[in-house]
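The same chain A turns up in both complexes below, where it pairs with chain B and then with chain C.
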Partner chain A sequence: MIQLLRVDHRLLHGQVAFSWTSAVSADCILVANDDVVVNDLRKTTIKLAQPSGVKLVMKSMKDAVEAINSGVTDKYKLLVVVESIKDAKMLVDQCPSVKSVNLGGTKATKETRQISKAMNVSTDEENMIKEMVDKGVEVEIRMVPTDKKVKAESVL
Partner chain B sequence: MKKVILASHGDLSKGMLHSVSMIVGDLAKQVETYSLYPGETPNDYYEKLKLEISTSTDTYVIVCDVKGGSVHTTLSKLMEFENVTILSGMNMSMVLDLLLNQKEKLETSDYLDLIQNAKNGMSVVSKDSIEVREDEEF
Partner chain C sequence: MRDRILDEIKIHTQNNDYESNSVVEVSKKLQISRNAVASEIRQLFAQGKLIKINQRPIVYLAKEVFEQINNQKIEVHEVNSLEELVSSNAVIEKDFEKLIGFNGSLSELVSQCKGTISYPPNGLPMMLYGPTGTGKSYIARLTYEYAKRKGLLSKEQRFISVNCSEYANNPELLTANLFGHVKGAFTGAEKDNEGLIALSDGGILFLDEVHNLSPECQEKLFQFMDSAEYHRVGDNENWYASNVKLIFATTEKPEDVLLKTLLRRIPMTITVPSLKERGLHERVELLYSMFKTEQEKLKKNIQISAKAYSIFLAYDFPGNIGGLRGCIQTCCIQAMFSNQEEDVIVIQLHDLPKDILESEQLQSITTNFENTGDIIAVDELDSFIKAESYIIQMLHNVLTTFQTHTENDANIAEMDVSINQNIHEYFDKILYHATLSTDKDFYYKGIENIFDMIRNRYGLSLSNNDILTLNCFIMDYRKNYISVRNWSYKQAEQISELLSYLENHKYYEANITKEITNYLHAYLDLDILDIVKIVFMFYLSNVTNHKSEKKRLAVILAHGFSTASSIAEATNQFLDTYVFDAIDMPINQDVQTIIKKLNEYLNSMGKFEELFLLVDMGSLEDIYKGIQNKQANIGIINNISTKTALEIGNGIIQNRPMEDIFDEVIQYSKTHYHIEKNQLKKNVILCSCASGMGTAEKLRRILKDSLPVDVPIEVQTYNYNELVEKGIHNKVFTDNHVLFIVGTLNPNIENLPFIPIEELIITDSFAVLNHELQSIMSAEQLDTFKKKILKNFSLSNIMSSLTILNPNKLLEHVADALDRLQNALDKTLSSSTCFGLYVHISCLIERLVMNKEVETYLDVDEFTKENQNFINLVKQTFREVEEYYGVDISIPEIGYIYDYIKND
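What follows is the complex of A and B.
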């Protein structure tokens, strides 16, 4: 069961490893990212953030979709972290079990505009959010679990 | 209610609260800090706390900076109260674990786990640490 799908450009870090893992009682974290799986340095640093007693699995986007759809993740209380709205959209589109997306943080670039303290989105990403919302998926902005949920569509 | 107090020489406790707030948000709002400044004695704070605790049914967890420092030794006298637990060797994982623990009353074994996790939070990495260790699978 997926407890939370989070978009966070820092992937697994303090807020996710401590607060979110505990708030959703996750017993397994899936980091879904195409670069991490081929980057030993990034992998090593992500493993440093693994909370004790929690399983940590890292997969490419394609493998993550396969794993989620195959049912092998069903027995876990799973926290999925992706780096970008694009990657979240891929999971939403290809995994019917994904019903909700938590927007945690994305970096500001020249193409983005700020929609919350930590979220910066490009026009393309805004459209992806709208498409997900239109499909009936909840897209909400919260940095930490005690923040109030802000529906993404309300700030677009 | 569980009351958490961070106590230190100087501003470590205030800084710790600021730092953990970045990770746990509003959960940190319940936390009180005490800073001992040069020329002061922790005894005044001890007396104030003693009075508060003696008329309170809350449970108190006091996290001190360094074992055996005057903040720690003075506030440790509060152990005479049943609803007080004092920890030393404050670090960020210790404080985070404490704040994220939902239990109203922690048992001794919970505190030992907390300290073990805080110890586990210490690590050393260098170039040799870039691993080829087998990744976990579902």
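What follows is the complex of A and C.
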């Protein structure tokens, strides 16, 4: 059962690990990312941030989709972390059980514009958000759990 | 004053401090003028109280004291050195010197006896083992005299001898006599008896025929030997002590007749040789001494017929020396009755005891006789004894013959003939006197085997008779080893001259001799002196047949003291055939000398058809031009090595044409090389990740940046799949010294430690790291290295997360602040928490700079209330950072830092 699907360019780091796992009382963190599974250094970084008492799984996007859809993750209270809006959209598209997306933080680039303190989105990403919202998926912006939920569509 | 001076000299003599006995030293010591001391000493010397040693400076010994120390009278007053004084003493017959053969066949026995009885602190018990009549009792007696002279015995210094066989039928009596008994201990014990052990306290107790000791008595004996205490028979309460040295003797094999417990306590068993094991020379000495005694008793001169003499000399008397003496006495009595009137007694064959005359042994002895009419006077024997032994005579003749021939420049062949004559005369003599036993002893068999082997290897025409002859020679040499050695020391110069002459002229024989000598030394522990090698060489030159048969010669010539001969020796051994001769060319010799040597060698080899010359390099390559022999084909090949020599040798043995052999050698003699780069190997840490070279490269950079500057370690990346596939055979391992591999998956390379990335960064115990690096880095460097790994790893993460701030600079600040916080909290955070905080705070600072701080925390008010102290500390320790970046870390942000530390 997915408690939260979060978009954070740093994937799992201390803040997510501590504050969000306890806030949504997750017992398993699934990091869904194609780079992490082949980048050992990044994998190590993520392992470093693993809170005690919480299971940590790293999967490629494709494997993550399969895992979520197969139902093996149902027994966990799952916190899913992805790197980008694009990856979040993929999960939303392919996994019917995903009903909500949390936008945590994305890095600023030349193509992006800032829509909140931590969120920077390109035009493509704006469109993706819109598509998701149109599908009836909740897309909200919060850096930490204690922040007030801001609907993504309200800042686009 | 004179007495003071004499006392002073006495003290120094006693202390062996002879240097202090010069006029100068004595004058200094006693504060008496030098002139006065010199004058007094002159007086003392004139009175015979001092021995003068004419060294620089002149020193004096107190004669009386010196005599006491050495336990004997000194006849000399003035000597040139202390050594001279000591050696002049040795000439006097002391104890063992009276023993015939003490410097010959019994020399080892004598030193064993001396060593055992004087073994510190109290000497050791010894067992004399030998057939009856070999002189065991006499040797025990001499051992006693030696010990007495050396001051090894205390108190009454008695020598008591007990023949245990006398008590064979009454072992209890023997026990009682040895250990003493109390009155009434047994029937007939009418009073207390001290016993022999008590009587010989401080002296020596000699137990002869010890195999007759009852087991009970043996048991009592070894108990006594253990504790030096015993009970008298019939008194089991009182202990008696005696410090007696025990000598045992037996004719039976000790292991067969004595209790093992007793034997174990007799560490030294000394074997006394039988009569037939004694050398000819010693037998003559024995004969002379025995007949001399008889002459003195009878007051008549004794003569012996040649026949009788040879029986005395050769007969294997069952009673050994005792038997011989008995026989001589019988003969003398017999002869005396038949020649009563005359002054001279002639001992004839018929005077010998019947059992000897009728024995089968006699047949073999008598058939050896020629001049049967001769009569030998006993006194003549003296001159034989005083004369050198046969072997020395022969060796002497060989040397003289060599000298006269070299002086007169006579031809070599003639010298060969006369020296061989010398040698064969000697061989005839020893064979004539040889006492051949049917049971060949250890040495005999060993020597036989060695010559058998040599005969086969070199194809020598050694008949069994030749081997017998050589065997007799070596036996005779063994028996006379000490005198041969002493003699050859005196002739050292001439011997080495002859030896080097032979090595140059009899290559073949010299080489065989070298091998024989090696074998004799290695297998039989025989020290073969140079002069004996010379005899071998001459003897072998008669039995080698290479001159007539060898049509192809092969010679190795090489620079260096023994390069050529070493290669030749090794190759001949590999081939198990004698193929190569060698001529060494010491660096300081010129080619002309070598050409001369080569020509001499070729001349000595007689007629041959082909000559293989194997040379190393340089001028030797043209050496064939100097060869005088123009009858034979000469093939020369350079760059000689043991390998090429082997191939050529094989070709020669297989009788293949010279050109074929050379062609093949050239074809196969390629030189290969391999460099084992141990010296230049670099220390390397390998980074290898299953997920590809990208990660490995990042890892490499982290490690490289973390290594202290002056540490000689290189960090390299390596393809993981190749590591798995080729393992230790990867080039990186041959070219470098790889310390360990860092990566994600262990490539499992034997003996090579692997450190997973997480462990490198997370684990606080760096066991592998410590172990592998402690020899290269100091503890301090290692600590810095570990800290920097963590920091650099964090840095690589921060880099991808930061947008505007300089990550290096920022991390420095954050790390410093975090160090301060840890100090302030008095807490050391784990590596993983540190890492998390490095990254988190770095990101936090950038967020603040960009005005994107987090404004919420679970319950800010409650957190502020409960953790005011923590908030203050963070504010304090991060002030520098805040000021540098112009930011203010809000309470909610401190809350998140608190979460990290709380979760540590």
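Throughout what follows, the second predicted complex is superposed on the first by the 156 of 156 C-alpha atoms of A that agree within 3 Å, B and C clash if a C-alpha of one lies under 4 Å from a C-alpha of the other, contacts with A are read in each partner's own complex, and residues count from 1 in each chain.
By definition in this document, contacts are C-beta pairs under 8 Å (C-beta built on N, C-alpha and C of every residue); 3 or more make two chains touch, one makes a residue touch a chain.
No experiment lies behind these values; they were computed from the predicted model shown.
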Contacts of A:Thr73 with chain B and chain C, given as first, second, both or neither: first
First, second, both or neither for A:Ala108, with chain B first and chain C second: second
Chain B versus chain C as contact partner of A:Val81, first or second or both or neither: neither
Touched partner set for A:Met58, first chain B, second chain C, both or neither: first
Partner chain in contact with A:Asp40 - chain B first, chain C second, else both or neither: both
Which superposed partner A:Cys28 touches (first chain B, second chain C, both, neither): first
Partner chain in contact with A:Lys117 - chain B first, chain C second, else both or neither: second
First (chain B), second (chain C), both or neither touched by A:Ile141: neither
Chain B and chain C footprints on chain A, overlapping residues: 14-15, 18-19, 40-41, 43-44, 47-48, 52, 143-144, 146-147
Residue numbers on chain C that touch chain A, as the complex places them: 689-692, 694-695, 698-699, 743-744, 757-758, 761-762, 793, 796-797, 801, 803, 832, 835-837, 839-840, 843, 847, 851-858, 892, 896, 899-900, 903
Of all residues in chain B, those that touch chain A in their complex: 22-27, 96, 100, 117, 120, 123, 125, 129-133, 135-138
Residues of chain A touching chain C in the complex: 9-10, 13-15, 18-19, 38-41, 43-45, 47-49, 51-52, 107-108, 117-118, 143-144, 146-148
Residue ranges of chain A in contact with chain B within the complex: 14-15, 18-19, 22, 28, 40-41, 43-44, 47-48, 52, 55-58, 67, 72-73, 76, 143-147
